[in-house]
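Order as written gives the chain letters A, B and C; numbering starts at 1 within each chain.
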Amino acid sequence: MVEKKYGKNLVFSNLSLDLNQGEILTISGRSGSGKTSLIRIIAGLTDFTSGELIIDQNKISPKTRYPKHLLGRVGVVFQDFNLFPHMTVLQNVSLALKVVKKMNSSSANNLAIKHLNRFGLKKKYNSYPNQLSGGEKQRVAIARAIAMKPLVLLLDEPTSNLDPTSILGVQTLLKELADDGTPILAVTHNMTFAAQIGNTFGVLNNGVLTLSDSSDILSQMNEI
Amino acid sequence: MNMNLGKYVFNEPYFGWLLNGIGNTLLISFLSGSLALLLGILLTSSAKPQGKPSTFSLIFTDIFRNIPPVPMLLLLSIGLPQIFSKYFHYSLPSGFEFKILILGLSFNTAAYISEILIAGLRGVPTKQYEAGVSLGLGRMKIFFLIQLPQAFRISFPAISTRLIHNMKNSSVALVIPLNLDRMELMGQTSRIAGQTFAWAEPLLFSTAIYLVLAYALSVLLARISAIIDRKVNPDECN
Amino acid sequence: MNVTELLTILWQGFPKAAEFINPSYPRFLQLTGGLQLSLLIAICSFLLAIVPAFILAILRQKSNRQASTINKIVTSFFSVIAKLLTEILRGIPIMTLALLFFYLPYPLFKLRVPPILLAIAAFTIYTSAYMTEIFRSGFNAVNKNTIEAAKLLGLSSFSIFFRIRLPIAIRTMVPTLVNLFITIFKDTSVLTALAVGELTYTSRLLFVSAPGNYTLILILVVSIYWAVSFLGSKAIKILESKTLIGSHK
C-alpha cells in the first residue's frame, strides 16, 4: 500500500497492488492521474508519503532509504527512452553490465549482442541513438533494461512515441518477456494496447486504483 | 602603492581629455554599431527565403569575421593611403582614419550580425514565407515585412552581445593614428600616460567607464529586446 | 625582401640582437615572435584558463532542492561572486585588460615581469571568463532523464559523472571551445599596442626594414590571421556534424 503527496496535494492513497512472476499488469488513467509517479516510486526515483513497498522481500518505507542493491534490478523503460546519446547501441546495453555487474568486456558485449539480436537489432550495434527510429530506440531501451535481468520491468507510456507497426512489435516482445518470467508493469493511456497485452488491468482515477482481471474494466476509462 | 587620481584623472586638462574620449567611444560605437546593423540586414536580405545565404554575403562574412580588427585597421589606415598615392597619385585627406575606424569596426560586426540573422531567418517557419507569397507580396516585401521582424526577435539577444562587443572593440583604435580630438577612451588614456608617465590612474578610471558603458548598453538592449518581443509575437501567428 | 623572407620572419618573429636579450628571463621567451608567439600565447592562456573556468563554472551551479538552508546560502553566495567576477571581466575590452596587466604590477607592487608572461596572464583571465560560460552551459545541457536512466541501471555517482555527464558535456562543448580558441588567437593582435612581438607587432617592425612594402606586409599578415581563423571555423563545422551523431536524442 502506497500513498503519495506532492506538498498538500494527494496524488493517490490506499493504492495497493501485487505483481507476480509472468504477469503483465497495465495501469491506465488520464494524464496527471499519477501513473508516472507510481513508476517513479517503485523505481526509487521519487519518495512516497506513507505506506510500504516490497520488492523481492526488500521492505521499503518512506523512512528507509531505497536499497542501493535494487538499483539496476528494477528495469525502467521511459517514455522518451533516455538512451545515452554519446554511446552506440551496443555500448548503451553493455555499459551497466561492465560497470555495475563487473562483467569483462567480451562477455558483456556477447550478452548485449544476444539481447539485441533477439530484439531484431542485429544491424544496429554501432548506430547512435539519433540514427534510430522510435521503435528501434524503444527496443534498445528494453534490451538495456532486460540485459540486467531485472526483478520487474516498468514501462512508462510505451506506445506514445511509436507508430502502429512498432506498437504491434512491442506487444509481441513484452508477451515473450513475461512468458520468460519477468513481471511487467506498463502504465499507458492507450486502452487498446492495454487490453492487448495485459493479464491484469488497472484504472487509476482520482487517486484510486481499481484492478480487474478482465479488460472490460478499461471501459471505465471512457466514462472518466 | 600610491595612486593619485586627483592629479592624473580629475585634473585639467586630463579630465577633459577623458570626457572627450568617452564621447568619442560612444560616437564610434553608435555609428559603427548602426552601420553594422544596417549592413547585416542588407546582407541577410540577399539570402534565399529558406535562409541559405547568398554567395556575396558568404564571402563578406568569411572575410571580415576571420580578420581581427587590429590588423584590418592597420591595413586600412596604413596600406590604403599607400595604395592611393602609389597607383592613383592621390593622398587621402587628414582625419580619414576616423572614418576608416568606423568602417572597419562595422564590417567586422556586420559579418557576425548577418550570420546571426541568417540563423534567425532559418528559425522563422517557411509557412510565413508561403503565406506572404499567397498574398502576392514580392520577395523583398516578404523579407522586410514578414521574415525580418520575426528573425530579429529570435536573434536579438545574440545581436546585443555582438553590439556590446563592438563597443568594447572600439578600444583597438589605440593602434591607429587619430586626431587628438577624435581619440576614444583608450587613446586619451594613453595620451595622458604619454605626458605624465602615469598609467595606473587613467587606466583604472577608463576600465571603470567601460564597465559602466557595457552595463548600460546591456540594459538598454534588454529594454529594446523586450519591446521587440511585445511587438512581434510569433506564438500567436502560427 | 621577397615574400618568402617576409613570411619566414612573420612566422618566427623579428630577429632580436644579442645585446637586447635580458639574461634574467628565459631566452626562448625572448626569441620567439610572430605567428609562433601569437599561437603560443593563445594556447598557453587557453590551457591555463581551463582550471579557473572549471572552478568558476562549478561555483555557479545552483544547489539542489534537498540541500540544507546553510548549504543553499553558501552556494548562492559563491554563485553570485563567481557571476559578478565573470560579468566584470566580460565588460572590459581585452585591449584595456592587457594594458592593466602591463601597467599596474609595477606602480602598485613594484613587480617586474617579462611582457610575454604578462600577456599570457591577461589572456588567461580573459579566456577563463568566457570559458566559464561554456562549461556551465555544457554541464546544464546534459538531460536530467539521461542521468536518471544511468542511476536506475545502478551506476555510481562517480561512474555517472565520468561515463555519462562529462562525455556528453564535452561533446556539446568542443565546437564552442574551438571557437573560443580562435577568438583568443585573433585577440592576441591587440598586444601589438604593448610592443609584444606577436604577429601584428612583427609586421610593424618589418615596416622599418622593408620600407615601401607596408601594403604587401599587411596583406600577408591579414591573410595569415584569416587562414588560421577560416580553417578553424571549417574545423568547427566538421566537429559539429560529428558530435551531432553523439549528442542528440
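Criterion: a residue touches a chain if its C-beta (ideal position, glycine included) is under 8 Å from a C-beta of that chain, and two chains touch if they have at least 3 such contacts.
This structure is a prediction, so every number in the text was calculated from the model and none was measured.
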| item | value |
| --- | --- |
| Chain contact topology (line, ring, star, complete or other) | line |
| Central chain of the complex, centres being mean CA coordinates | C |
| Cα-centroid distance, subunit A relative to subunit C, in whole angstrom | 46 |
| Subunit A and subunit B, separation of their C-alpha mean positions in angstrom | 55 |
| Rounded Å distance between subunit B and subunit C, as computed from the means of their C-alpha atoms | 22 |
| Residues of subunit B that touch subunit C when the two form their complex | 1-3, 62-63, 65-72, 74-75, 78-79, 82-83, 168-172, 174-175, 186, 189-190, 193, 198-200, 203-204, 206-207, 210-211, 214-215 |
| Complex interface listing, subunit C residues touching subunit A | 143, 145-146, 148-155, 159, 163-164, 167-168, 171, 244-249 |
| Residue ranges of subunit A in contact with subunit C within the complex | 43-45, 71-76, 78, 80, 82-86, 95-96, 99-100, 128-131, 144-145, 148 |
| Subunit C residues touching subunit B - in the complex, by the definition given at the top | 88, 90-96, 99-100, 102-104, 107-109, 186-187, 189-190, 192-193, 199-200, 203-204, 207, 214-215, 218-219, 221-222, 225-226, 229-230, 233 |
